[in-house]
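Multiple structures are listed underneath, in structure tokens.
Look at the two complexes coming up: chain A is in both, with chain B in one and chain C in the other.
So, the complex of A and B:
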């Protein structure tokens, strides 16, 4: 009895020690964090590029019609584009696109993450009328990624760091490290912040899937497996009418797709607890999002979900994937290196017969006039 | 100052406590979010919806009840016509109705990553329809009246007088009335010669037939149920704003 009482008293202390060990250990899920960084940045990049040509009407001066609802927004970042000219909007937009690209490539990652976050909010929140839940997801992901170490893999920062360590003793100024997106905090704080960010982002992901799944399961159309039928009939969700009709013409295919969406959202959290079911739910979540990206024309929010799903894939799986990709890509790289000069000659010959020929003809025509 | 990333000493107790405190904050944040995302319940009422909203807005604002893909049933349409002043001839004329959502639908077809501007009229129609559901029958009759001479602030007063218990719904409606007027004015101005002095818009609503009727009926077979709002005084945007809008409409 005394032993049991002693263990009960000791339990909270053991939990705290275990939590400390977990939080201060070598950063976990750094492959997943890197993939999440790439996917999230590409999602922002894709969204901004897709809307670049109509930016003035979407979020610029010609979006004055949306001002009444914009004024209700509480984002201080909105002030950055308040009443600016089209040229300033274009410059700001271009900087945000460049930052998202830099973040995807892992070039000065932390600085790029900050600029992408601020720019994304300042742009997208200008017009809440045409916003969607994907915007909230991207913003929250970008926020949590700020705390995490996302550039340890598949980044230009990691490559630069490797070269520096190989060339020198790896010791540089903290300012330079900060600019290069490296760890400037002491390892205990760096690892701690990474894990705090990981806890925040993982719980956020599980919460959103659970909330979405609970809402769906309460609706009869999801229970009957027909929920996606009506959505696919609406013009804004049928970019390819033939494809939508083909899917909705088969009640079995429709029901399968509907149930997979419902079950992967509703049970996303619990299925992560077992290694086998985790693989299944992650595979299905990624597959479903790829299908829906095409079927419902939701590429960028689907990519954001896939990026989040990547957080839950184990490091071993990523290492195997990385090795496989490098092995597969190596012959292509070798082929290109061996034939680099041939390729240059070939492209020059093609340009001589196409672009330069047209340019000469235009110039000759202009000089005759 | 230089920092190296190797061979650092083991964390001290205060360092451990800081990291644990930060993790506790992150977990606490997630618990608050769970309450924010949960349906109305006595537990949520104890915390208070306003307190939760204050916490999550704006950076953690989210609602996953419509987490994509969600079941949607309603197709909406937004049409506009305008009274146009021809200053040279000294005459007014009324344009034909223009279906903006039809133009948007054409732009959406075969486009895997559509621009958000192709959803503007549709979203306005969705929000206007939603705002109308919040009004009572008497208020819905009032918004059919014309306000080209009187400011729409008079409309707000009349709507409140017709249903003082629906203040939030009236404010929501007035916000979308103003946006729809501005949008319709700019769109009409981009398409006509002359000066837009008043605009009128109407929104359509139709629902997707049930899946059991897939062989016999489709959404295209269904007629819209229309609601026509009264004329509103035309909105004149700045030259730069209207020019940008013109470019968009004419593209």
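So, the complex of A and C:
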């Protein structure tokens, strides 16, 4: 009895110790966070670049049809672009594109993440009518990524940090460190914030899939198995009519796709618990997103989903992938550098025989006079 | 030790906030039910930035093509009143989507607004719908007059406002589009047509193109009443005209 009482008194203390060990330990999933950062930024970048030529009709001065929705909307989004001219929209749009590119490259990552988040919300909020669940997901991801350490791998910030550590004694101002995307908080706090962001993002991702799956199985069209077929018949979701018809004419393919969509969404969370089922569900989720990206012309939302899926891949897998990629890419990189030198030699030889020969002749003629 | 207490404080705050967030997002993300409705006031802080769309990948997809067409009335050189041909604006927009893996979002604005436009119309009573439909072609009422006519029958002011908001936006787009096609014509009235054609039934999907086309249920159409031409700003008209030229 005394033992039980003692254990009960000690329990909260043990929980605090366990929470401290988990939350403040070395950051977890930093490879996944880096890949998620790259994929999310590329998704924003792709969406904005693809819509650049029709931006005025989508979100600008000619987005006439979106106006009633904007006026009726109770959604307190950022309204930075309400009623602005085409030139201001273009400038804002270009800054957001540049920020998304910087975020993908990991160049001043935190600053780029903030600008991308604000720019993306402001642009997309101008036309809520044509938004999709990919926008919603991107906004949540960009927000949680702010807390996380996303530039430890595959980023220009990481390269700069390595160079600085090698070259200096590390005495740089905190402001400069913050701008360069380096850690300015004590390591335990950085790790704690990273883990809070990680928990938030992972929770929302799992809930997103589960809730999406639950909603589908309650709908008649999914129960009858015609939901994907109907979507593929709509003009806006059949970029390649021949492909859509080929897929939708096969009951087996339709059934397979329908089941994979439903099962991967409904059981996404539970299947992550075992290493083998985790690999299966991640592979299927990525595969189904690639198929739907092509079939329904939804490349950017699919990329956002795939980027999030990357969070659930283990660090060891990424390290193996990184090693393999570097080993595979090294000869290609060397070959490209050598060809680049060849090109430079060739262009120098051509210039020697053409432009510089003419210049020399002119100069010689001028000096003779 | 101040460092230790700071850590403990951080852990306490993080655990409490993360726990609350987990419960709140779970309640808000699941399909609506009586428990999530009851908790709504406490989970409202999630909007807008943490709100997540639980309707992932078209849970209940639309099963019909939706098109918006525009037509205008103008005064010819001989003084007679003539109507323009119908312009299929949805087809113009769809050029941004068809045969492109990376399409543009401006490619399906009308198909997305088709629903709200019909809902705002159906929100009016039968008598108000008749008033809205039977506006004269030669002299459509001003917007203020149309509002007064609709309210005279005792319609809900909120529903009339919503209806007029969509009607005005549609009339403005119609005017910009028609001026883009026929810049020299002086428009006196514009109207729109909503056309929806159910997709090929699932059972008929394996037939030839002709068989599939024949199996489609009949399309339904609704023509709006005539509205006053409502041109947008010069910049807006230029943008619409440029979009129309590139994609028609």
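Descriptive notes on the structure:
One rule holds in what follows: the second predicted complex is superposed on the first by the 317 of 369 C-alpha atoms of A that agree within 3 Å, B and C clash if a C-alpha of one lies under 4 Å from a C-alpha of the other, contacts with A are read in each partner's own complex, and residues count from 1 in each chain.
By definition in this document, a residue touches a chain if its C-beta (ideal position, glycine included) is under 8 Å from a C-beta of that chain, and two chains touch if they have at least 3 such contacts.
Everything numeric in this text was worked out from a predicted model, so none of it was measured.
Applying the stated contact rule after C-alpha superposition, one finds that A:107 touches neither chain B nor chain C.
Touch criterion met: A:188 reaches chain B and chain C at once. In the superposition on chain A, A:312 contacts neither chain B nor chain C. Of the two partner chains, chain B and chain C are each touched by A:207. Set against each other, chain B and chain C differ in how many residues of chain A they touch, and the higher count belongs to B.
After overlaying the two complexes on the shared chain, residue contacts for A:292 are found with chain B and with chain C alike.
In the superposition on chain A, contact of A:248 is made with both chain B and chain C. Chain A residues 16, 19-20, 23-24, 46, 50-51, 53-54, 56-58, 60-62, 64-69, 72, 75, 85-86, 127, 129-130, 133, 136-137, 139-140, 143, 188-189, 192, 196, 199-200, 203-204, 207-209, 211-213, 215-216, 219, 221-222, 226-227, 229-231, 233-236, 239-241, 248-249, 261, 265, 292-294, 297, 299 lie at the interface with chain B in one structure and with chain C in the other.
On the side of chain A, the complex with chain C involves touching residues 16, 19-20, 23-24, 46, 50-51, 53-54, 56-58, 60-69, 71-72, 75-77, 85-86, 127, 129-130, 133, 136-137, 139-140, 143, 188-189, 192, 196, 199-200, 203-204, 207-216, 218-219, 221-222, 226-227, 229-231, 233-236, 238-241, 245, 248-249, 261, 265, 292-294, 297, 299. On the chain A side of its complex with chain B, the touching residues are 16, 19-20, 23-24, 46, 50-51, 53-54, 56-58, 60-62, 64-69, 72-75, 85-86, 125, 127, 129-134, 136-137, 139-140, 143, 169-174, 177, 182-184, 186-189, 192-193, 195-197, 199-200, 203-204, 207-209, 211-213, 215-216, 219, 221-222, 226-231, 233-237, 239-241, 248-249, 251, 254, 261, 265, 292-294, 296-302. Residues of chain C touching chain A in their complex: 7-8, 10-11, 14-15, 17-18, 21-22, 25-26, 29-31, 47-63, 65, 90, 94, 96-113, 116, 162, 165-166, 168-170, 172-173, 176, 199-200, 202, 205-206, 232-233, 235-236, 239-240, 243.
If you check the complex, the residues on chain B that touch chain A are 1-6, 8, 11, 15-16, 18-20, 22-23, 25-27, 29-30, 33-34, 37-38, 57-75, 101, 105, 108-117, 119-120, 122-124, 127, 175, 178-179, 182-183, 186, 208, 211, 214, 218-219, 235, 237-238, 240-242, 244-245, 247-248.
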